[in-house]
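Two complexes follow with subunit A in common, the first pairing it with subunit B and the second with subunit C.
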Partner chain A sequence: MFLNRKEGLALALPAAFFTLLFFLVPVGILLSVAFQSDTGWSLNGYFEFFSKPLNRAVFWRTLKLGLLVAGASAIIGYAAAFCIVSLPPKSRGRIFGLVVLPLMISPVARTYAWIVILGRTGIVNDVIVGLGLSDTPIRLLFTETAVFIGLLQLFLPLMIISLVSAMENIPRDVIPAARVLGASWLQVFLRVILPLTKEGLVIGGTLVFTGALTAYITPAILGGSKVLMLETLLYQKVNVSNDFVSASVIAMILIVMSFTANIVLKRIASVRR
Partner chain B sequence: MTKTLALAASTLALMAASANAQETLTISVYSFAQDAYKEALYDPFEEICGCELVIETGNSVERMAKIEANAADPVIDMAVISSHDALSLAQKGLLQPLDTSKLSNFDRLYPAAQNPIGDNMAVGYTFYASSIVYRSDLVEIDSWGDLLGPELAGNVSLPNITGTQGPLTLMMLDKAMGGDGQDFSGVISRIGESADDIVTFYSRSSELAQLMNQEEVIAAPVGRFAWSRFRSSPLPFAWAEPAEGQAGGMNVMLMTANNGNEELAYKLMDYWLSAEVQTRIANALIDSPANMDVVVSDEVADNLTYGADLINSLNIMDPAAIIANRDAWVEQWNTEVIQ
Partner chain C sequence: MSRLSIWIILGVTLTFLIGPFLIVILAGASAGEALSFPPQGLSLKWYAKVFTVESFRASFALSMFLAIFGTLTALLIGIPAAYALNRYDLPWAETIRTIVAAPIIVPGIIVGLALLRYIVVPLNVTITMALFMVHTALVLPYAVRVVSSSLNNLRGDMEEAAVILGCTRFQAFTKVVLPNIRGGILAAFILGFVTSFNEVPASLFLSGPGVRTLPIDMLSYMEITFDPSVAALSAILAFLSVAIVFLAERLLGFSRYV
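Let's turn to the complex of A and B:
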């Protein structure tokens, strides 16, 4: 536009060099460990990892919670985003600010707040016992439910932000037009809103799913050692058993899961076109 | 100008010379309570030896990995670590036997601390008891077996197997179940059966203190070094004296092989083991003394693992048994308890 090709490349060089030297090379070195054994290059690390029942259980739990969190955040996110874009611009800014606010608070502080809320003497159990739903406080902490709630709260803003940006680009008249032509709200959502916001859904879905896979603090604090996820298992491998091969294998699995999620979501989005 | 330059050059040369003249000793320690150690140990020692101490901290795994990675040209001269971690370093040939004649305070140590891992590869500098901390207004604890009893179901936490407290708890539970405290496969299976009744398997005593102060957990095994966290709580916590006795552990000092800095390392070890320094560290409520000559007030003693009677009564686990069996325990634990 303003530059010729050579000048453009020259300007991109520092950033490219930085990324190569301080990100791609170290990550490559780290991950190459996952393909090595005593005899040379091999996939033994992966076979060994998946041969252990605990590791398989942790893998499936991580995948399941990632999908559940991404799915739930899409459902809640669409409702919230639709509400936000329907507001007049001034209130929209305020509400959007409130959505972004949790992102400015440390995940450690946010997660500790959940310990207080979900604990036996916390507000959730007060309500459950108060309403007579249970005689004694129920165990919420250190369960998959607690990890799910913590992750959903952590990543929901990312989904809402992506969906709000996508919805703001929907031409103003198409929804009233669909309604006037007799479409139900479900049809409006499935045939108008969803196709027009799928880019936002792909971006939001990828961010939430990868975020949920790779979050450490939330599963560590709310799940503990009884609800291990791949990320907490990785930490154990490095910091407790000094087992860098397994840790690299886990890192590689997480990277593959993230890329696969992005590819699958893009594929789904393009099928609907 | 020339004069100024000459002056500057000679000053620099002098500074370089004095820097060279000052010896340095690099030690690897646990990362907690470093301010208190600086006051009680590091600063006074630097003054006495006219040398510089370089302090490296971290968790045991990181610190052991560093010693192993630099075996050919040691960067750490002396380290303090748990007795079983020390034994695992010794088995890899990374340590040198200690010449105890160079430690004037050696004879003043409790016998259990004098040669805890064999071959004089280490000396103990602190003991800790492990027992059960519990809410005295809600339960009564008479035995380690109570941890898995119906009264505590859903309200108890156990230490994770990967930490130091984990094997100690297994040993005492095994004793409570009538075992010999050696083979833990039965007790791990028993914990697996009760896994749903256990709130969580904690990794750090600070984590446990938080859970107990929030009333998530009302009883759990813990090291005496963490007792002050519970004593200061408004909730009524008590320290159990179970029928099977208390478990115990020891942290030790060691010297890396061929570090070339042995003389200075012995000086620090001897100073650290002296009644003077051990008293200061005990009064700061950091480490319980291994030197028999240390005398502390009753209040301080109550926070520590102190006194010959208590120390001699501890069920101390054989470090060799921990190293030989840990992988198998973790494997069984992961299959039967965590999963």
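Let's turn to the complex of A and C:
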């Protein structure tokens, strides 16, 4: 540890100033727009935003999809992580690599795949029409389900990674011991696995939830203007209606939601332990 | 659980995660004119066509420029910051850490809009310059974190010994510390490169005539045309990122640092 504070600051401050000037200050100004009116400071921008049914619907839909995606990825994540941990070390590494792989690939490419699958001439519709379940292709794209599936595929790996690293820390004999002593699988999960992996669940949950809230590409490609989420609504407000007050309100909502998710979930993790 | 049920669960999960890519790769290899799966005959014409589209070439060059120079700049200011946060008794260390980490939490779309409105327009900064600022700031938290974690593994008394033996502080850094955290720096570069190259939300509002990053260009191409070239391009990009990360893992055990 060096004690020369000036030297330390000289090394650390360029990075901090860079982020402050080119990142945080412009964002701060944008956030302040919604609080300004002709007569000074006010909350009118917010009242006006939430007085419109469309905006409220988009707000609730974003929250709902975020929670659904986080919940679904927790369920699938636990099943997958449990399987990965019970593999022998060599195949464990390989399977884990396959789970991480999609994270390296452009989200545009990852979302584009669903157009091929869910589009009018996509595989799912081919099967539906082929089996005679419907005479004409069904609209699968531009639905909430499509956005849900796209987001789930995008963020599931983050949950699996967090849960696998949490489960690797469970002592080996604990689960067999609980089974021998007569616990059902449900009891094993609720009373052994869940308490011991809570931190991983919280980290994974935060990553997935905030990721889903702030994703742009997936709702843009798979939801379009039929299934708006806050990010795509923000884009529309700026590019279609030039409405910067609403844009500023949405920006604040997004920032508050992702900060709150981070803080609340961290607190849950530390209190229960 | 039985072996069979383990492999069934993993098989279904991996099909969901990776299957769509295989479909994109095949859809891009279609001989037909419209996007479809199964492809109407196989050909590589869309894979070849991607390289002839002028806007893709321009946006690819821009994305490469941002990913390389944005990440290098982030490392240039990020390595000293990581070093100072690790080795010095800093006043306001927590504040500095929070500021530098902020770009991870603030949604990108907001940043792009904010820069466009309050830096590009009033200060007459070019779009390319603004993109460069955003990409550098976005990569910076990763650079600081990855370099910090490799500094943590290096004992601080080595530099102190070097200083006692007559090195200046700067020499101690370049001769003792730098060679030892080389792997971490390379890992940070790769992580930063991939993050910047794939970035969309922050670059969304920062596009002008002829100035667009590749992912944004793909998004707008997709809205106009429905041919398999975006599928082919997606497959090429996916292959490139996977190859880079795979090589990094093989050569330096990338995952140790991330």
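Convention: the second predicted complex is superposed on the first by the 229 of 273 C-alpha atoms of A that agree within 3 Å, B and C clash if a C-alpha of one lies under 4 Å from a C-alpha of the other, contacts with A are read in each partner's own complex, and residues count from 1 in each chain.
We take it that contacts are C-beta pairs under 8 Å (C-beta built on N, C-alpha and C of every residue); 3 or more make two chains touch, one makes a residue touch a chain.
No experiment lies behind these values; they were computed from the predicted model shown.
In the superposition on chain A, A:Q153 contacts subunit C only, with no contact to subunit B. In the superposed model, A:I76 lies in contact with subunit C only, and not with subunit B. When the two complexes are overlaid on their common chain A, residue A:T121 makes contact with subunit B and with subunit C alike. In the overlay built on the shared chain, the residue A:I95 is in contact with subunit C alone; subunit B does not reach it. In the superposed model, A:L234 makes contact with subunit C only, not with subunit B. By the touch criterion stated above, A:A15 is placed in contact with subunit C alone, subunit B being left untouched. In the superposed model, A:L133 makes contact with neither subunit B nor subunit C. Looking at the shared chain after the overlay, A:A113 reaches subunit C, while subunit B stays out of its contact range. The partner of subunit A that touches more of its residues, comparing subunit B with subunit C, is C.
Of the two partner chains placed by the overlay, neither subunit B nor subunit C lies in contact with A:V256. Comparing the two interfaces of subunit A, the one with subunit B and the one with subunit C have residues 115-116, 119, 121 in common. Interface residues of subunit C facing subunit A in the complex, by the touch rule stated above, are 1, 6-7, 9-10, 13-14, 16-18, 20-21, 23-24, 27, 34-38, 77-78, 80-81, 83-85, 87-91, 93, 95-96, 99-100, 102-103, 105-111, 113-115, 117-119, 133-134, 136-137, 140, 144, 156, 169, 194, 197-198, 200-201, 204-205, 215, 218-219, 222, 230-231, 234-235, 237-238, 241-242, 244-245.
By the touch rule above, subunit A contacts subunit C in their complex via residues 1-5, 7-9, 11-16, 18-20, 22-27, 29-30, 76, 79-80, 82-84, 86-87, 95, 98-99, 101-102, 104-110, 112-117, 119, 121-123, 153, 156-157, 160, 210, 213-214, 216-217, 220-221, 231, 234-235, 238, 244, 247, 251, 254-255, 258-259, 262. Touching subunit B in their complex are the following residues of subunit A: 52-54, 57, 115-116, 119-121, 139, 141-142, 224-226, 228, 236, 239-242. Across the interface of their complex, subunit A is touched by residues 59, 61-62, 64-65, 154, 160, 162, 195, 198-203, 210, 214-216, 330, 334-335, 338-339 of subunit B.
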